[in-house]
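Heads up, the next two complexes both have subunit A, just with different partners, subunit B and then subunit C.
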Partner chain A sequence: MSTENFTSRIVKALNSWEGFLLLVLVLLFVGNTINSPFFFTLNNQINLFQLSIEKVIVAVIMTFVIINAEIDLSVASIMGFAACLFGWLFQSGVSASGAVVIVLAAGAILGAFNAFWIAWVGIPSLVVTLATMIAFRGFARVLVEDRGITGFPDWFDKLGQAPLVGPIPLSILVFFVLVFFFYIVLQRTVFGRQVYFIGSNRDVAEYSGINVRGVQAIIFTLSGLISALAGLLFAARLGAVRGDAALGFELDIITIVLLGGVSIFGGRGTMVGTLLAILIVLNLRNGMALANITGHIQTGVLGILLILSVMVPNIQEWIKKLRKLGKGTVE
Partner chain B sequence: MKVWKVSTLAVCAALAGSIASAETAIAQKGLEADMVLLPKFLGILPFDQANQGAQEAHEELGNTGDLLYTGPTPENSVAGQIEIMTTSASQKSAAVMLSNNAGEQIVPSAVAAQAAGTKVVTWDSPIPSAKGESLFIAQVDFGEIGVVMADMAHSILDGEGEFATLSATPDASNQNAWIAAMEEALKGPKYAGLKHVDIVYGNDQSEVSYNRALALADKYPNLGLIMSPTSVGIVASAKAIQDEDLCGQIKVSGLGVPAEMVTYTMNGCAPEFALWDFVDLGYLTYYTSYMLATGQIEGEAGETFNAGRMGDYTIEKDPTRDAGLRVLMGPFTVYNKDNVEAAAK
Partner chain C sequence: MMVAPILEMKNVSKHFGVTAALSDVSFEMFPGEIHALVGENGAGKSTLIKAMTGIHQPSSGEIWVDGSARILRTTQEAQVIGITAIYQEPMVFPDLDVAENIFINHHSRSQFILWNDMYEEAEAVIAKLGVSLDVRRPASTLTLAEQQTVEIARAISLDVRVLIMDEPSASLSDNEVQRLFSIARSLSSQGVAVLYISHRLEEIFALADRVTVMRDGTHISTKVIDDVTNESLVTEMVGRDMEGRFARKPSTATGEDMLTVQGLSKNGVFSDISFSVEKGEIVCFSGLVGARRTDVALALFGIDPANSGKVSIDGVVAKISSPKDAQELGIAYVSEDRRKFGIAMDESITSNITLPMMNKYSNSVGLIDFDAESRDAIEFRMRLNIKAADLVSPVGALSGGNQQKVMLAKWLNTAPRLLIVDEPTRGIDIGAKAEVHQILHELAAEGVAIMIISSDLPEVLSLADRIIVMREGRIAGEFIGDIATEGNVMHLAVGAGVQMEFA
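What follows is the complex of A and B.
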């Protein structure tokens, strides 16, 4: 390979959205390390993941949903419902391990319920999941009313809080296993290609004989299941549940996925992009916290980041168009 | 034999008393301890006042470390408090002074912080189970708050009528304890004419509280008073009642900040309300936390220490919770037309 070829490949890679994200991530990492002596410590790196682990786990499956040109606003309500259902079952005398199984099944059922209205009845996912976002949150609040439930068995709390393998707790392992698994599914399987195809043009996909309903049913059911898993991890990490568990998380999750370069119109985006966006958001938040920046400013910075993530690809498009126009006049 | 036992006990008690009083710890100034003051969320006047008191003590004690006042946004209060607690421990802060808004959910992060050497002192709102908490700086006795609220309701309603409570969040341990204390007080014969009809929650957000107050006015045609034991709820309720021109029928009372309440007290919408001094609470919290973090007090029941301009305090078992230790600040001020203008300045 000639050096010219090599540099042009690097330039091309940096020109891609993932390349840009990687650059941002490296800058953040260096900036944070210079800014605080506590940033680049094992303990802090684990905390940084642990504090948002439930959101980033759901972001993995949300990547599928949005590439499929759909949206799932009900994820955080399913997380909250799962946490509350666990607390309620446990308080009603069901063993914690039994409750875990029931909660996961319930999550899959709620996801399948979304899928039914979206894939078979044909109501837009924005509407369906907006309605279920409110309804599932309502179920959660009914279950635990206005109190908190706590006092779970030690093994359950430990799974959420204590290291499992070396210094790494269960939730972080779950996250990386899911990222790897869904990376393979999305980028290396027929199912993954179908997800993109449906997202680019649903009608054409249907005429081409793709089982659109089946694919969507799988995605939304998985979304419910994984949200329930995240809800359980949330309950274990905090050792207590309340009706407002995971309230408002859906917007953070969708923000991460869009920042990762997944198009809100579907058909575009990668798992690598989502992973990079996750790392950027976590590092940014942690860096700001270590720099003692208050919550209001943190929220503002994340908002600006999202605006940029939507604008930058558009600007890239304009530049391409301008170049084409320029060429046209020369010819 | 019995007499002997009793007298031994008496001697022991006297001895314990004399030891405690003989060893009033006086703060050694000028030590280094990074401190974090963590309110429920930012942008609420009483918390800013507490910060003012903490800053005053910080300078007075000549702490060469930093005092950081930081908190989450209201929508992100629970996750935000947990995040700041965890980050403060990573930064090896000497103490976090927490007004807990996360109920029991804060416990794992507070326990982890303690294990990492960061003291956790709560103020304004404690950790219900006291797990992960070194001490709670209680503003006033929770039972006394209940009596004061019942008395204000009694005097505003002239001994007879319906009233409802508009609280903060359903899980706010301080408000819940005060309401419980008020209901306990209402059982007394003096309050037989008062009927407590409902408790609603405005989540300490102005708009939500405003709407909940209006809903109460609609739902209970005979309502004479809204009792709001939160500085956000009481202002929102007073504004709602005034906007609807209902001040003639429905009064507002509870716990509020004079500067925010002065107009409503002077125009009769909120004739009486109560509060303790948040500047003092911040000052005492800081003083106690500094001495705890620098090892000058151990944080055990019976210890007495001097808190600068506020005088001597003793650590005691918290009678309002199953577990936990507290330092009781007190006392209460009831504000009305006669004293609210001076306090608002």
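What follows is the complex of A and C.
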């Protein structure tokens, strides 16, 4: 490979959204490392992951939902419901391991409930999941009311916190396994291809013989299942559940995915983009915390970043449109 | 007629890129006349209307109103001068009532809506049309014809002087058409110039004072209705020069039926459709917009299945209720609307070509064999001469003709035994068109049954072994390709009532 070729490839890579995110991430790493000696330690890296691990796990499946040109607002409510159902079952005398299985099944069922209205009845996912966001949160609060439930078995609490492989806890392992698995599914399988085409042009997908409803049903059911898993990890990490567990997480999750370059109109985005966005958000928050920047300002900075992330693809789109207009189109 | 014209089109041309949609069109409209505009699909009627109503600006030429040149930049500017168009599909706000719809773009004299005044005025406008309609009814409860009346009333409330009606009768019943005619006549008696566009020649003879014929973007003639006949109109509409015609090729039909359709019907769309296509045969479906040819194709492809009737493939009755069913039977449908139903513009050329056949490119767990995909894509690029720098770019980056070829490649890749192509060459240049024709001939020679829906008569005449003409959801007749002429196909398509030459 000639050097010229190599440079042009780098330029091309940086020109893509993922390339841009990678650049931001590298700058963040450098800045944070210079700023604080604690930043680039394994403990800190594990810590920064663990604080948001439930959100980033759900972001993986949300990537599928949004590429498919849909949205799932009910994920945080399913997380909260899953945590509360676990606590309630445990309190009612079900063994913790049995409760885990029941909760995962319940998550898949709630996801399938969303899928039914969206894929078969044809109601927009924004409306369906807005309604179920409220309803599922209601279930969670009914189950646990205002008091918290604690006192889970040791092994369960440890799942969320204790090192499992070397210094790495289970939840982080789960995350990386999921990212890898869903990277393969999205970028290298027929199913992933179908997800892109449905998001890009649903009619074309249908005319090409793709089972659009089936694909959507699978995605929303998986979304419910993985949200329930994240809810369980949340309960394990905190060692307690409350009716407001994971309240409002859906917005953080969706914004991470959008920052990763997934188009809200569907059809565009990659798992790599989502992973990079996750790393950026986590490292930015952590770096600011290490620099003693308060939480409110951190949130503000993240907000600005997200606005930028939505604007940049739009600006590219506008430029494209202007170019097309300039050329004129044949009717 | 010494009255001065209201509207004059003076040498109006309109180009889109290199394509001339209108070239040097001139004609005028006088107050109180009903002026018919006829021409084949693609003759430039729609572009002309768009130029008159400010949607398009002419590339050259002038539009004169009341004896002075005017530049119409928007539909609002056209409306202020008194030029308004209504279309086949009325544009009304379903949740607003009749009166609100009539006065939708009036600027109120006060800051508040004076409801009683509005209803009174609405009634007065409706009365002018000589019809009765409750002005308080929500538009969603109106029939299509009544919605059209509302649109006309809206135009009158804006002091319309030139009213353009673009195929207003296409979806109306006979009674409703008569009512529309009486509205048009009452408007003309009040001095409004009506431009009436219709494919139905009998309507034109019943209604119009003068008739203008357009063809290929040019003005052919404007005559008083008494000076034209059915024959002369049709001849002027289709009589294009013969140089551009593609040579016919000998038929490769095998005499063995691939597809047999018997009594296929869909409520309110098409009825009693029966025909067959042989292996290696090219059957073209001709007809005007609204003849429901595409609906028949969509039924055969399982997108919008028919209510009754029988479809047989190779003599075996087939049940087709989804595109997947159709594909498994070896049917492929190449849509007329590339953007909407054909290919996903943001996805790569390769992935578009392989989309319906992903099973061929994946293993048992669904992992894609990218090499196999790109091998086949490269092969199609060569076979169909697709001009693309690389095959991983989005299809949207290609020219229209090349996009068309990608769409064709996508369906050829399914190795169809019955290929249905809907308007295969619309909007692509002459070179690509010849290539597409060549490919269709090759496929037929390989024994593929080919069904082509085309509104391009020369194309139909050069490709078809057999021509089936549809009109208003029914089969109007059938011709052997060799003996068909543009004139007799057109006669059948418009229902001009001349002798049918059945094959």
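Here is the rule we go by: the second predicted complex is superposed on the first by the 315 of 331 C-alpha atoms of A that agree within 3 Å, B and C clash if a C-alpha of one lies under 4 Å from a C-alpha of the other, contacts with A are read in each partner's own complex, and residues count from 1 in each chain.
As a convention for this text, a residue touches a chain if its C-beta (ideal position, glycine included) is under 8 Å from a C-beta of that chain, and two chains touch if they have at least 3 such contacts.
Just so it is clear, the model here is predicted, and its values are computed rather than measured.
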item	value
Joint occupancy of subunit A by subunit B and subunit C, clash or fit	fit
Touched partner set for A:G122, first subunit B, second subunit C, both or neither	neither
Touched partner set for A:R188, first subunit B, second subunit C, both or neither	second
Inter-chain angle, subunit B to subunit C through the CA centre of subunit A, in degrees rounded to a multiple of 10	130
Which of subunit B and subunit C A:D203 touches, first, second, both or neither	second
Subunit B versus subunit C as contact partner of A:G166, first or second or both or neither	neither
Contacts of A:G93 with subunit B and subunit C, given as first, second, both or neither	neither
Smallest separation of CA atoms, subunit C relative to subunit B, angstrom	32
Parts of subunit A lying in touch with subunit B, wherever the complex brings them together	36, 38, 41, 43-44, 47, 50-51, 146-148, 150, 157, 160-161, 237-240, 242-244, 248, 285-286, 289-290, 292, 294-296, 299
Of subunit C, residues touching subunit A in the complex	16-17, 19, 21, 46-47, 301, 303, 322-324, 326-327, 333, 335, 340-347, 351, 355-356, 358-359, 361-362, 365-368, 400, 410, 427
Partner subunit C, residues of subunit A touching it in the complex	184, 188-191, 193-194, 196-197, 200-201, 203-211, 267-268, 327-331
Residue ranges of subunit B in contact with subunit A within the complex	41-43, 68, 70-73, 75-76, 78-80, 82-84, 86-87, 90-92, 102-105, 107-108, 112, 129, 170-171, 201
